[in-house]
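To keep things simple, chains are lettered A, B, C and D as they appear, and every chain counts its residues starting from 1.
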Amino acid sequence: MSEKVIKVVPVVKTEKVTEGVFSMWIKDKDLATAAKAGQFVSLYCNDGSQLLPRPISICEIDTKEETLRLVYRVVGKGTEEFSKMKAGDEIRVMGPLGNGFTLEGTEAILIGGGIGIPPMLQTAKSLHAQGVKVQVVLGYRDSDLFLKSEFEPYGSVIVSTEDGSVGTKGNVIDAIKANNVSGDVIMACGPMPMLRGIKAFAQENSIKAQISLEEKMACGIGACLACVCKSKDKDHHTNVNNKRICKDGPVFYAEEIEI
Amino acid sequence: MSEKVIKVVPVVKTEKVTEGVFSMWIKDKDLATAAKAGQFVSLYCNDGSQLLPRPISICEIDTKEETLRLVYRVVGKGTEEFSKMKAGDEIRVMGPLGNGFTLEGTEAILIGGGIGIPPMLQTAKSLHAQGVKVQVVLGYRDSDLFLKSEFEPYGSVIVSTEDGSVGTKGNVIDAIKANNVSGDVIMACGPMPMLRGIKAFAQENSIKAQISLEEKMACGIGACLACVCKSKDKDHHTNVNNKRICKDGPVFYAEEIEI
Amino acid sequence: MSVNMKVNIAGVEWNNPVTVASGTFGSGAEYSDFVDLNKIGAVTTKGVANVPWPGNPTPRIAETYGGMINAIGLQNPGIDLFVKRDIPFLREYKDTKIIVNVCGKSTEDYCEVVERLASEDVDMLEINISCPNVKEGGIAFGQDPKAVEAITKEMKKRAKQPVIMKLSPNVTNIAEMAKAAEAGGADALSLINTLTGMKIDIHRRAFAVANKTGGLSGPAIKPVAVRMVYQVAQAVNVPIIGMGGIMCAEDAIEFMMAGANAVSIGTANFHNPNVTLEVIEGMKKFCEKNGVKDINELVGCVK
Amino acid sequence: MSVNMKVNIAGVEWNNPVTVASGTFGSGAEYSDFVDLNKIGAVTTKGVANVPWPGNPTPRIAETYGGMINAIGLQNPGIDLFVKRDIPFLREYKDTKIIVNVCGKSTEDYCEVVERLASEDVDMLEINISCPNVKEGGIAFGQDPKAVEAITKEMKKRAKQPVIMKLSPNVTNIAEMAKAAEAGGADALSLINTLTGMKIDIHRRAFAVANKTGGLSGPAIKPVAVRMVYQVAQAVNVPIIGMGGIMCAEDAIEFMMAGANAVSIGTANFHNPNVTLEVIEGMKKFCEKNGVKDINELVGCVK
């Protein structure tokens, strides 16, 4: 908890990943040391018309270079502003925020869908580093397979595409079934319909599943209660079956939450 | 009228003139061709929290280089933003706006006070170029005599300072009296107390006086009626003794207006 | 794809649903240097009274975060000069409807202007019962439903053109005011006028506008405006001209989805004199991109 | 120069005139990672009801131009857990006053919480009769002067701590509401709560917050807040806690000059978790620079 910082940090590199998706590397020792796979940071905009921080998941952590890599889709004025930044610019950031994935299991199935793919990259690296067998399943719209090749050093990678242009036509569950992927833990990030499908798949197959949620956030630290999700048990904060995604999540065990 | 343009133009040079006062040269053929001494331009901010354009007087016009020089004091977030711009940046500008000084007389007394000094520079240049004898009187707070030396090629220059550190201690009228400056026309820009003093001085001495006013503006083109001043005669727009500074001014004959 | 952009507001067909907020555009002359007025659905004029009004002392405006405060005080040349000069000027633009904004200090003032306009070639009247910056008339009429209904009736008795009542947002219950105007016979409603605001210059220890308070406008207040347009659209059956902080085509679409049949652009004209045409073009593109064949399909589509 | 920053609000001395707007700061725990709570004049807690409230469906917030809309719906743990956990946590910060914000769906709900707090070690109560995001209670109490007076009286009958009534800005006449609260015995007033607003996501054709409407806050609305604080300061004699869009020390000073005896910082906490301390420091510097020996000198100095 006390590892959170808020500071202005240098941008050391930026890159267009694919149409509408950008990478930004920021350098800060505190952030890079404290960050874990599945956590996120809040980025603040320069333009005064946009006051709320943008929660962006951490794609890669480089403790040696003391950098974090953030990969995000441009969805509005804030992310558009970020996408125009260049190496040498500075950005105000708060983080690391939330709890990351629990690095567990012996045969992990890592699932990313769309802009939920980036946080799975550091997760793959971290699991691989501690000897877990990593099986990556990535869901794309079409043959624009951004980040896919970057996963390959850490395990097997299969893909689904909505248009069937590459891999299994359909969604990530279709790809898992088509390829008979099995494991003892699932870790996933992506759109809500995908996460619902994964929760159901995990229950049917009695596999433990960690899923990462997102919701509109204001404070990013658990105070404002904007980004809640329904939980099975009473939450410790309000005692009303509402977990705070920013603080209690963003990663939850699928059975803890109602989605 | 039809000479007004609104466009994004390149900033070709910026410079700190003195503490809190900055120069910006912008390049645009249309603007540089149409602009006249005593007119102003509206500069727009990038930051979305500040929507209204900033009216900035034109300090110099270089028709050969097709540039305008704008000299302004940092008084808020908008002018602060401008002060951080660098050569190569772009800025949205509308202009030239208002009517400049009428270049007339044979022996002109040009008076500038504080941040009213910049527009008098192009006025001095233009009058000098058409053979009018130029006598410049500049009012400063102290020995920080910004822009003074730039007037010297075009005529005599005397100064007043509030603290008496240079020239006549007191105001511009004190300096005029102390130096027995005389002429057949006064052109002036500066703070309201100075302009009131000049109006009275001009009346007493039966000298024609053109004075440049300022007021908070919104549209900058005469539509919103924010920046009016009281006029002796009915104004042609509303028929109520209210001249629009942005459109009917900013330069008026002193006897036309009540200040 | 061709998109129908025409809208019908109380029997008057506009070529597109965009007009300008009264007071931000004069009678169009100053903006005609930048904008082809023929391309705007309608021009709404600065408020005009029975006699010339000098308006308030300066400073009359102050910038605020994402907006501005104004207290112009309805400076206007009076109906005589207006009829002689401004109507003929605007009528030259054959494709554009003319909406004359009418202001007054008493019911009699309003009546006089409306009667005077009965024989003039203008398309609609907008009755400003919501200006926060004049001591008498203006907003006082707009904050009491009985007064709203009564003055609407007086206007309708005399007007030869459709009557748009412009509502004040400085009320507890905007739907109640809208219903009162509808009950009085209003042909259309426009909202919102400005929110009453204040700014203090802490260094001078003085009010930033001489009138102490002024009307807050700009994108800062858009969420209040959208909410009120939505509430009014649920409450009445007359057409609504929505306004309050529209800066771009997306904002205009938002108002239409909330229930506005047309929109007005105000403060944005100060930020970008070309904004009206950019909004019209952008709305058309939005429709093309989203398969909307008729812009009217969007009206009130979010419930 | 040493500057007196202490203010006395209804008999309670704060070390400085800065607190936080209820709901933006939880009970302080989350912000204590960034801010030494001992340095804030008072911490105003998230609203607490007699029983736990789950709040509204998500999305609960949306960003707007220079502000945000929220419709959290007063999710809170109820008074039992609050008393057990949050009060002892805050009491550790000896220099900081505790203001408990109280919410309810009925007069009885409010009474129950206030009675429960009578025996607790807290410094002041703020009664939220102005939340726009709950169906019953909340704002309904705050838009009718008779209801304001009646509930204030009920609170005063039961409260052992000074009672601050928090007023809604969604009214025609804020001074009337303030006078009603004063007549009911309010020890202080706080204003403004949020303006009711709406945002539509035009691409999804849906309301941006699930509750349709939400409370608009942030610097966008500051001019409305300053105006209302000024109007209330002219109308009543009880202390005022001013809020609405304060982002920096200059904004806080502006509220005090308009008539606020203290200020609350809300939305700005989301933009900058350190903002409270920066505002306190900045206010002190403003006083030093301008020869103000006692911050209370600024209160209502612009008339």
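We adopt the following convention: a contact is a pair of C-beta atoms (placed from the backbone, for glycine too) under 8 Å apart; a residue touches a chain by one contact, two chains touch by 3 or more.
Model, not experiment: these values are computed from the prediction.
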{"item": "Pair of chains joined by more contacts [C-beta pairs], A-D or B-D", "value": "A-D"}
{"item": "Gap in Å, rounded to a whole number, between the CA centres of chain D and chain C", "value": "34"}
{"item": "Whole-Å gap separating chain A and chain B, where each centre is the average of the chain's CA atoms", "value": "56"}
{"item": "Chain B-chain D separation of Cα centroids, rounded to whole Å", "value": "46"}
{"item": "Distance between the centres, which are taken as Cα means, of chain D and chain A, whole angstrom", "value": "35"}
{"item": "Where chain C touches two or more other chains at once, by residue number", "value": "65-67, 219"}
{"item": "Contacts with 2+ other chains: residues of chain A", "value": "48-50"}
{"item": "Overall pattern in which the protein chains touch one another (line/ring/star/complete/other)", "value": "complete"}
{"item": "Complex interface listing, chain A residues touching chain B", "value": "46-50"}
{"item": "Interface residues, chain C side, partner chain B - complex", "value": "23-26, 30-31, 33-34, 46, 52-55, 58-63, 65-68, 70, 72, 75-78, 81, 218-219, 267-274"}
{"item": "In the complex, chain A residues that touch chain D", "value": "1-2, 4, 6, 44, 48-53, 94, 215-229, 237-242, 247"}
{"item": "List of chain B residues in touch with chain D within their complex", "value": "48-49"}
{"item": "Residue ranges of chain C touching chain A (in the complex, touch as defined)", "value": "65-66, 219"}
